[in-house]
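You will see chain A twice below: alongside chain B first, and alongside chain C after that.
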Partner chain A sequence: MVVMKKLQIKQFAQSIVASGEISNDVATWLLNNLTKADMKLFVKYLALEIKEVTVIAKYAGQPSDIVKNKIQKIFQNKNIVYVRDDKEIGAGIKFEFGDYILDYTVSAMIVKIMKGIKESL
Partner chain B sequence: MEILNLFGLETKLFVAQIVNFVILFFILKILLYKPISQMLEERSKKIKQGLDDAENAKKTLLNADNEKISILKVAKVNADKILENTKISAESLKQKTTEDAKKQATDIIDNAKRLAKDEFNKASRQVGEISVDLSKKIISKILSEIFTEEEKNIVLSKAVDKIEHGGYEKTTN
Partner chain C sequence: MKPEELIKQIEETLYSVNINPELVNYGIVETVGDGIIKATGLSSVGYGEEVEFENKAKGLVLNLDEDAVYIVLLSEAEITRGMKVSTTGKILGINVSDKLIGRVIDPMCTPLDEKELKIDDGKLYPFEKIAAGIIERSPVDRPIKTGIKAIDSMIPIGRGQRELIIGDRNTGKTAIAIDTIINQKKLDLGLKRVICIYCAIGQKRSNIASIIAKLKDAGAMDYTIVVSATASDSASLQYIAPFAACAIGEYFMEKGEDVLVVYDDLTKHAWAYRQLSLLLRKPAGREAYPGDIFYLHSRLLERAVRLSDKNGGGTLTALPIIETQGNDVSAYIPTNVISITDGQIYLEGDLFNAGVRPALNVGLSVSRVGGAAQTKPMKQLAGPVRLELSQFRELQSFAQFGSDLDDETLKKINRGRVLTEILKQPQYRPYDEAAEIIAIYSATSGCLDDVAIENVMDVESKIIEFIKLNNKDLVVKISGNKKLDDITLSELKNAISEFRKTLI
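What follows is the complex of A and B.
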């Protein structure tokens, strides 16, 4: 068993996310050498790193290549995960990245309008 | 003298009688007249004292009567004043009580009105909120069916354009 410092675990997670994949060898090494606590910490850092570099784009309809290119241009150096959810979105698109949300959906507008109506009651 | 003798008056006897009389007079004066006179004088003094006392008593009685009348007058005036004050106080108290009761009644009515209004507003708000929630649910259910595929693509494209040009605010998760 190898005992690693927090910073080392974080850097390790960052390097794995930067490479974009975990090889079988690395996975085996992790399973065999990290303690349970270190493994938990590693998974936590990994999740945070993935969240940091990943943009989830929820949309309704079908984005064209031009649109996809524009999105890629907006979020440079980020992994964009496309999720089609017509039922929730209605129309438009919603981006979730890190702690931020960019919501340009009809459902969000409706929610906003309804909230306004509720507050004015 | 002869005439006196003629009438049977003897000079010697007469003088003796005069002497006797004078002696008796002095004896009586000393032994009887003085004590009696003293006693009469004392009695007279006592009577005078009694009369004076009676007079004083009469005066005192008169004064007492006058004083009584005066006191009664003052007492009557005071009693009248107290009665008047009491009447005024009672009237004032009555008025104040009536005003208080009116004010309380007004307050109660106002409170009740306010509560009723609040309750009405609350109920209206709740009904409104329920309506809004219901509308939101209905819209959410039919949301995907409102737009055609083409419309969805147009909205999507416009949304991306807007985000690209920084026309949309970022919100925290």
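What follows is the complex of A and C.
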């Protein structure tokens, strides 16, 4: 078993996400050499790193190629995952990247309007 | 209203709502327990920032770690693992307006008096605020009258001062604070009105209910706000309660008003903060309190201030209360708060049980700045009281050998007994300035030396009644802020003698 420092585990996860893949050899090495606690930490950092480089675009209906190109330009060097969710979104698009949300959906606007009316009543 | 006008109003409301998308920073709840939530994400959250959960519950960020954020839950809500929590960009605060006067609220501004509370013209005041600087302040020079003879004469409190009320349980600490609030109904000495805020921390609901009833009976709720976080509320609410009370006080103070805030009590506040700190895994120090317990109380009490006239001239007077165990003023929290405040009113259980009420220990009680705020007649007449009382205490130990004492010593002991009796006062019966001066003068001038000790209080109240009825000009003279000349003093003495004649 190899005992790794927190920073090393983090850097290891970052390099794997940067390379875009995890080979069988690396996976076997990880399974054989990391302690249970280190493994948990590694998976946590891996998930965080994947979240950092991934943009989840939730939309309703079907976005056109022009819209997709625009999104690609805004989020350069990021993996964009398109998720269709007609029920929640209503119309528009919602981006989730890292620990941020940018909501351009009609449902969010309706919620804001309702909140505004409630406050001014 | 015409239909067109109504439609126009609705349109205006709709257009005024900001619906532009905003970048929201969020996190995911990892663990929940004992009102403390650990969340990941929230990379741009700040210390002390208000956060909002998916179910609209509110939280306060109290610890920032490398990988996680620790949040204290401020409302009773079901928080589950995996729930989203987002930043608000706001420092936790309270929406304050004049509508709060006369109300009973919790620290989150939820009404507790079963009446609707809608603050649409309010101003958001942050719980945590840096206290006014030196340049913005003026020296404390106006009194806040408690209506209690012993305090107003020997331990005077000024507007903008921090005066600690300290003592064991059941020694009358809250009674002094409540009497002070009730006394603000009298607008004597030509002083401005005082907005009173009573902040109950970790107390029993029944106690708070009886205090509110008493304030209502005395008509004091017309200028009082009660902020309550009871023993059954969460530690987080108890922790923010005094800060909420202070924020409300600052609103009125910045409007140029005089404010009195009673923190009842900071011992329980320290307990609540200790509980939170231990749950947040902050390193424990002496008596398991966190290292910043001194800073917690100093930053709260430092906000008591008398602003300069240029800054509106408002004042915020703080009356923190500390409960001691076995009269031990050298414990951790009592010494902390004693060193922060500008004096203390020390109440003793033994005196209380001996019938001396308020059970004030004159030797250990002090007011560091209030003397400057005392009126000239009071300063002139109350000066010898402390000295005579301390001489009495020294000589009292010889009292058991009464037959061996010389006349002078016996006279001093008798005078001390009369003074002790004069300084006794029933609860909820605050005195005005004139009554206090008459009472103190009648004792210090020797006019009551020949009265039997058990009759002193009765005679005193009759003298006050007599002079107020028959010598109105004299009452006006002694209620002013001019030093009493020999003529006025002889008039006062004559008035007392005249009354004594009616007794024969």
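What we mean here is this: the second predicted complex is superposed on the first by the 120 of 121 C-alpha atoms of A that agree within 3 Å, B and C clash if a C-alpha of one lies under 4 Å from a C-alpha of the other, contacts with A are read in each partner's own complex, and residues count from 1 in each chain.
Everything below uses one rule, namely that a contact is a pair of C-beta atoms (placed from the backbone, for glycine too) under 8 Å apart; a residue touches a chain by one contact, two chains touch by 3 or more.
Please read these numbers as outputs of a predicted model, since none were measured by experiment.
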Partner contacting more residues of chain A (chain B vs chain C): B
First, second, both or neither for A:Val83, with chain B first and chain C second: neither
Partner chain(s) touched by A:Ala91 [first = chain B, second = chain C, both, neither]: first
Touching partner for A:Lys73 - first (chain B), second (chain C), both, neither: first
First (chain B), second (chain C), both or neither touched by A:Ala37: neither
Which superposed partner A:Lys112 touches (first chain B, second chain C, both, neither): second
Touching partner for A:Ala60 - first (chain B), second (chain C), both, neither: first
Partner chain(s) touched by A:Ala27 [first = chain B, second = chain C, both, neither]: neither
Residues of chain A that lie at the interface with chain B and also at the interface with chain C: 98-104, 117
Chain B contact footprint on chain A (complex, rising order): 59-64, 66-67, 70-71, 73-74, 86-93, 95-96, 98-107, 110-111, 114, 117-118, 121
Chain A-facing residues of chain B, complex: 124-125, 128-129, 132-133, 135-136, 139-140, 143-144, 146-147, 149, 151-153, 155-157, 159-164, 168, 170-173
Residue ranges of chain A in contact with chain C within the complex: 48, 98-104, 108-109, 112-113, 115-117, 120
Chain A partner contacts - residues on chain C that touch it in the complex: 13-14, 16-19, 21-27, 40-43, 86
